[in-house]
Amino acid sequence: MNVNYMFSLVAVLVLILLAYAGAGAAGFTTFFGVFIPYLALVIFIGGFVSRVMDWARSPVPYRIPTTAGQQKTLPWISYSYTDNPSSNAGVVLRMILEVLLFRSLFRNTTVEVKDQKLIYRLEKWLWLFALAFHYSFLTVVIRHLRFFLEPTPFFIVWLEKLDGFLQLGLPGIFLSGFVLLAATLLLLARRIFSPKMNYISLASDYFPLILIIAIAATGLLMRYVAKIDVTAAKELTLGLATFRLAVPEGISGLFYIHLFLVCVLLIYFPFSKLMHLGGIFMSPTRNLANNSRAVRHVNPWNYPVDVHTYEEYEDEFREKMVEAGLPVEKGA
Amino acid sequence: MPLEKILETYKNAILKRWFEAVAQTYPAETARFLQGQQDPFANPVGGATRTSLEGIFDQLAGDLAVDMDIEAIAAHLDPVIRIRAVQSFSPSAAVGFVFFLKKILKEELGQESRGRSELLNRLDARIDDTALVAFNIYMKCREKVFQLQSNEMRNRTFSAFQRAGLVRDVPEDDPDKNNPIE
Amino acid sequence: MASKILFDKGKVIAGIVIFLALLTFPFIYNLGKAAPAPEPELTPKAKAAKVCVRDTEYMNKEHMQLLDVWRDTSVREGKRIYVSPNGTAYEMSLSNTCLDCHSNKAEFCDRCHNYASVDPYCWDCHIDNPKEAQ
Amino acid sequence: MSEMPKPKEVLSGLDHRPPRKGWMDTPVDIRKGMYCYAANPKSVEYLGLPHAREWNPLDDDWKLPENWQEILHKGFKERLDRFRSIKVFMDICVRCGACADKCHFFIGTGDPKNMPVLRAELLRSIYRNDFTLSGKIFGKLSGSRKMTVEVLKEWWYYLFQCSECRRCSVFCPYGIDTAEITIFGRELLNLLGLNIDWIATPVANCYRTGNHLGIQPHAFKDMLDFFVEDLEEMVGVKVEPSFNKKGADILFITPSGDVFADPGTYTAMGYMLLFHYLKERYGFDITWSTYASEGGNFGFFTSHETMKRLNSKMYAEAKRLGVKWILGGECGHMWRVIHQYMETMNGPTDFLEEPVNPITGTKFENARSTKMVHIAEFLADLIKHDKLELDKSRNDHLKVTFHDSCNPARGMGLFEEPRYVIRNVCNHFYDMPANTIREQTFCCGSGSGLNAGEDMELRLTGALPRANAVKYVHEKFGVNMLACVCAIDRAALPTMTEYWVPEVDVTGLSELVANALIVPGQHDRTTDLRGEDLPGREEEEDGE
Amino acid sequence: MEKSRRSFLKIAGVAALGLGAKPAIDVLAAGGGTQEPEPALVRGPQAMTAQQWAMVIDTRKLKTSGDLEPLIEACHKIHNVPKMPKKNHEIKWIWEDEYGHVFPNLHAEFVDESVEHRPFLALCNHCENPPCVRVCPTQATFKNSQGIVTMDMHRCIGCRFCMAACPYGARSFNFFNPEPYIEHVNKEYPRRMKGVVEKCNFCAERLAVGKMPACVEASNRAMAFGDLYDPESEVREWIRSNYTIRRKQNLGTSPSVYYII
C-alpha cells in the first residue's frame, strides 16, 4: 500500500462524487456545465501562459545543448544533422523529432551476448506506451472538437474516419479512446508494480494519471454503455463556444462527471508536471544549436569577476622566471 | 540417482533462487533492476553475478568423490567478489552470499536428499571451503584498493617532485628505501 | 535579479500566440454563428403514426443499437418481425419500415447526424426514400 | 562498514529484506570510500569564497553558518532567475524513469539515490517547498520537504557522487541535464563553504600559479625540459619547446595533468614531438604558457563564477602574447568549458584571428568565433591532407580501443576526429559495444573532481560499466590499450583497469600519433615514448 | 424529472463502480423502461422454412438463351444487380454458361449435340459443405439455419477469400460503386457499396414472406424449389423421377442445385 497512489485515487473519487452530488443530486447544472468550464479554461490559459512567461523571464546564459551525435567540424566528416544540430533548421528538426516522435526515449537499446556475438534489441516499451498515450490523447482531444464546432470541419470528419476505420461495433468504435485507456492503465501499472518506478513516483505522478484514466473511462461509458443525448451535450458545449449559454435538460450525470474531471485536469495543468507540454520547447539542452564556437552566445547578466592577472602572476614569480630563462614583461 | 545428477536436474531452479537471494542484498529498486536488465553492458553487476554463480555452482556440484578444484572456484568467485568488495557491503555481507546456497539446497532438494547425508555433508563442507576462498579473494581485493590508493598518491606527487628536482636518487645501499622524499 | 523582461521574446511570444490561437480556435470558428440544436422534422406520415417502434427517448439514444439488432436478426437468423413492447409488429427493415415513415432523410436523419458529426454508411445501400419515385 | 552487522543480517539473507521506505524517509548514510574529504579552509579562503572552515563530513556538526537556510534559499532564488535551465528542469520532470538505469554510479553502486531522477528530486523537493504553491498546500504529497541539516548532508553526499557526464540527459525526453543540476547544487553548497578538497585546492592552485598542482613557472619549464631529455634519448632529436613567446603563431593549452602524471606525461611528450615536427617541416610556431598552464578548470565543479575566473587566463594570455589562435590539448571538461562557456564568459574575441591551419589552408569554420581548436580536429586535418609522415607499424604491438570522454562526447560531439586519427596511426582498432561509446559512452567514474584517493570505492564502482565494456573487447579482440582524449581519464582509468582489467593500459591520442610520427633527423626508434621496447625492432639494438 | 433523477443515480453508480460492473451496465443498456416487456423478434407468419433449401433445374425445358433471359432478368432486377460495362467487372447472381464450363468433368470430346449446345443456368450452389464459409475471416458469409449460404453485407471487408475458395465462380466483386449501373432501382431491396462481394441468396427475403425465389417463379415450372430433406417436397419428387447431376460433385462440397439433363 502506497500513500501516494491511494491519495490520488481517493482524490479522483472525491471529485467524481462532487460532480455527481453537485450536478446530479443538487441540480447545479449551470454551475458545473457553464461556470466551471469557463473558469477552468481561464485558469488553464492564464496559468499556462504565465508559467511560460515565467520561464522566459530567466535567460539562457550559456549555450548547453546535449550533443548526441557527431559535431559539425571538418567538411569531410559527415555530421549528425538532427542529433547534433549546427543550425537553426537542424534544431527545428531535432525538436520535431523530440516532440512528435520522442526521439530521446527511442534511444533505449539493450544488448545481449549470444555465442560471442552482440545482439542489439530495441527496448521500447516506455517509448511505445508514451507515444500511444500522447497520440491517442491528442486524437481524442481533436475529435472532441466536433462538440465545439458547427458545422464540423472536414479534418475532424477525416480523423473520425481514420480513428474508426475498423468499423467494429455500434456506435462505431474509435480506437483512440481504448488505446488511451489501455496506455494510461499500463503507465499506471508500471508506476505501481516496478519497484524502481514506485520508488521515484510521487502523488503528483499518480494523480494526473488516475484523473486521465477516469476521464477516459467516463468517456467510454458515455459512448458505448450508458449513452447520453449527444445532441443535448453538443448544445451545451457549442453554447460554451458561442457564448450562447444553454443548459439543456436531460443530459446524463455521467456527462457532468466527465466534464468536471476534464475541468479539474485543465485547472491542475499549469501547476504541475504536465507543463512539460510547454517546457519541452524551452529546454536549453535541446532547443539550441551546437555552434557555440562558431557563433558567440551572449549572457545578459555576465558580470566582471576577480581574476588573477598576468601582472600579479609575474610580480609573484618574476625572479624565478628570469632565473629559468622565461621571458618577462618587466625587467627584473 | 547419484547426487550429482540430482543437482544437475535442479540446477536451474537453485541458481535462479540463489541469484534472486544475492540480488536481494541490494535495495529493492536495485534488486529488480539487477534481475530484470539482461544487457550485460547496462547491468554489469547483474551479468557478472549471474555468470559467477553458475560457475561456482558447477564446481560445487561436480564429482563429489574427488577434491574440489579450488583454483577453478577462485576463478569463478573473483568477478562477483571483486564487485562486492568495492560496493558498500560489510565484509560479511560481501562474502556471506555463498552460505545462502545451503538453505536453498535444503529446500530445493527436499525429499531427494534423504539417505544421502554423507554426500550432503561433503557438499556442505565444499560450501564452507568456498566461503573461505571468497574471503581470501575479498581481502585481496581490499588490499588492491588500498594499494591503488597509495599508488595514485605516489604517482601524482612523486613524479612531480622528481621532475621538479626535489628528489634525490637513493643510493643502492641506502637502507631507508621507503622514504624517497626529502 | 528578478527580471521583468522576457528573454528570447520573439520566439516565446510566437509560441504563446500559436498556443492561444489553437485554444481559441473554436471561439473564432463559431464567431457570429448561431447554431441551435437541431429538431428532427417529422413527415406527415410519421406524425400521424404518433409512435415509433419504441418510445422517443429510447429511439433518440439507441436507434443505432436497435438497427444493429434488426440487421443481425433479419440477415443472420431470418427473423424479420419485431414485436415492440406495446405489442405492435413491424417488419425489421430499414428500407421498408424506417424509411417508409421517415422518408425525409435530410430533415430527419441528417440534421442530427451532421450536428453530432456522425456519418453512418446506411444510405450507401439502403435507399434514401423508397417512396419518392412512386 | 564500521558497524558490526547482526548475525541475522549476515547469513539469513534469504529472509532478510529491509523495510520498504520512501526515499525521503531514508536518511543519508555517509560511507567511507564513497565521499571525498572536506575542502581545506586555506584554499577556500585564498579564492575569497565564503565560510572557509575546518569541518568533517562524518561529524554531526558541519559548523554551518547560523543563517544557512536563508543563504540557500536566497541562492536558490537567484539562480532560478539566472538560469532558465534550472527553472525548467525543476518544473517539467515527469519521473518517467528513462534516466534511472543510465547512470554509471547507479549501475555500479546499486544505490537508488544515484538514479539521476532522484538526484534531481533531492533539489526539487526543496524547490517545491520553497517556491511553488502546490508544494506549500500539499506538502509531502506533492513531493516537497523542508530544508534540514539531514537534507543538506544528502545533497552534499549525492551531488559529489555525480560526475556531470550527461549520459542521463541523452535519454531524457525533455533533455533534463543532471550535470546542470549538479553544477547548480554544488554552487549552492559552495555558498556554505561545503566543497571537497580535491576540487577546492586545485582551484586555488590554478588561480595562483596557473595550474592545479601549484607548479611554479620555473618548475613547469623544468618538467618540459625533462621530457626534452627523454625525447632526445628515445627519438634522437632535440625538441625545443617555447614558453610565453610573444608573436608565436598559436598558443597551446593542455591540462597540467599531462605535465606531471603518468601516463599523461607521454601525451605531453607526444605534443612536444608533434610541435617540433611542425616547426621543422612547416615553420609552424607553437608556444606554451606558464601563466595559462592549465586547461582543466575545476572551477567548473565549484561555480560558474569560479569557472569564469580560472578560464579568463586563456584569452588574457593569448591576447598578451599576440598569437593568432589557440590550440587545446586533450581534456574532457576543459573542452566543455571552452566549447560551451568560454567565449560567452570571457569573449568577445576580436583580438584573435579566425583559426586557419596554415599548413593545409583549412579554415576551422566551427571555431571561427571562439578561436580555439581541438588537437584532434587539428590532427585529423593534418592527416587528411597528408601532412604528417607516419609509420603505423610502430603501434603494431597495440590493439587499441577508444573511450569517448563524456564532455567532448555529449557537450561537443567529438566522435569521428579521434577515431580517424587512431585509424591512421594504428593498424589494430576495435570499438567497444555501441551502447557504451559515442553519445552513450560510460564515464570513467572520476570526473567532475571526484578523482581523489579517499573515494576509491566510489570511483571503482562508477568505472565498472566502462571497465566491463573494455573487458569485453579485451577478451574478444585482445585489446591491450585504451585510448582517450581526457586528462582525468588518463589519471583515473589506469587505476580502474588495474582493478578490473589489469591487462589493459591507457594512452592519450597524441602519444599514439607521436609513436608513429617519422621525425626528420630521428634515429631508428626502438622504443615507444614510454621507453618500452617495440617488439620486433629491439634486436638490432641488442648488439650494442 | 423523477425519471431522469432515477436514471442519473444508476449512471452515477456505474461510474463509481467502474467498468467491471457488468450487471449494472446490463440494466442500463436496456434503457429507461425496465418495466416494459421485452420486445420479441420473430419469423413472419408466412415464412417458409426448410432444413436445406434446394433447387432442381430441368435443363430440358430451358433450351435457348431466350428461355434463360427472363429468369436472369427477374433475379437481377429485384436484387439491384448492376450491369457493368466491362466483362471483368461483371456482377452476376445467376447467369448462362456452356456445358463444358458448367460440367467440366463430364465433358468429353464427343457428346450429345443437344446437350453440348444447350445453355445452362449457373448460380450459387448453396453447398451443404461450403468452402467459402470456411475461409471468410469475418463470418460475413455464413450458412443460415435453412441451409442457405448467404452474406451479411455489413460485415464484408472485401478480402475476396471467398471468391478464391468458391469452385463455381458464383461470386462477384464490386470494383466500383454499382449505383450508376443499376437501371431500375428496386427500393425494397438494398444496393451494395464498392468493395464488397455479392452472390445469389436463394431469395431468402422472398422465402421469409412465403414467396418462391424469383427465378423459380419466372421459370414457368422449369425449376423446382423445396426442402431437400422433406421426402414429400417437389424437389425430392423431381430428383426421384429424373436422372440428375450436380456440379463438380467430386469436390465434396455437396451442392444443393440439381440439374436434369
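Chains here go by letter, A, B, C, D and E, matching the order in which they are written, and residues are numbered from 1 within each.
Here is the rule we go by: contacts are C-beta pairs under 8 Å (C-beta built on N, C-alpha and C of every residue); 3 or more make two chains touch, one makes a residue touch a chain.
From a predicted model like this one, the values you see are computed outputs, not experimental measurements.
Undergrad: Going by the contact rule set out at the top, which chains touch both chain C and chain D?
TA: Of all the chains present, those in contact with both chain C and chain D are A.
Undergrad: From chain A, what is the lowest number of touch steps before chain D is reached?
TA: 1
Undergrad: Could you work out which chain's C-alpha centre is the most distant one from the centre of chain C?
TA: B
Undergrad: Work out per-chain C-alpha centres and flag the one nearest the whole-protein C-alpha centre.
TA: A
Undergrad: Report which interface contains more C-beta contacts, comparing C-E against B-D.
TA: B-D
Undergrad: Between chain B and chain C, tell me the centre distance in angstrom, where each centre is the average of that chain's C-alpha atoms.
TA: That pair's centroid distance is 72 Å.
Undergrad: Report the inter-chain centroid distance for chain A and chain E in whole angstrom, where each centroid is the mean of the CA atoms.
TA: Result: the chain centres lie 54 Å from each other.
Undergrad: List the centre-to-centre spacing of chain A and chain B in whole Å, with centres computed as mean CA coordinates.
TA: For chain A versus chain B, the centre distance works out to 46 Å.
Undergrad: In angstrom, rounded to a whole number, how far apart do the mean CA points of chain D and chain E lie?
TA: 80
Undergrad: On chain B, where are the residues touching two or more other chains?
TA: Correct list: 28-29, 33, 37, 39-42.
Undergrad: Two or more other chains touching the same residue: where does that happen in chain C?
TA: In chain C, residues 1-3, 7, 61-62 touch at least two other chains, as defined above.
Undergrad: Can you list the chain D residues in contact with two or more other chains?
TA: Those would be 81-82, 84, 100-101, 112, 115, 222, 433, 435, 472.
Undergrad: For chain D, which residues are in contact with chain A within the complex?
TA: Of all residues in chain D, those touching chain A are 22-23, 48, 80-89, 91-98, 100-101, 112, 115, 117-118, 121, 132-134, 138, 141-143, 166, 169-177, 180, 207-210, 216-218, 221-222, 243-246, 290-291, 304-305, 308-309, 312-313, 316-317, 320, 338-341, 343-345, 347-349, 362, 364-370, 372, 377, 380-381, 384, 409-417, 420, 433-435, 438-440, 472, 476.
Undergrad: How about chain B: which of its residues touch chain A in the complex?
TA: 28-29, 31-33, 37-42
Undergrad: List the residues on chain E that touch chain C in their complex, please.
TA: 31-33, 36-44, 47, 142, 144-146, 150, 152-154, 185, 187-193, 204, 208-209
Undergrad: For a test of understanding, state which residues of chain A touch chain B in their complex under the given definition.
TA: Listed in rising order, the residues of chain A that touch chain B are 110-113, 194-196, 198-199.
Undergrad: So in the complex, the part of chain C that touches chain E is made up of which residues?
TA: Listed in rising order, the residues of chain C that touch chain E are 54-55, 57-58, 61-62, 69, 71-73, 75-85, 91-92, 94-96, 121, 124-127, 129-131, 133.
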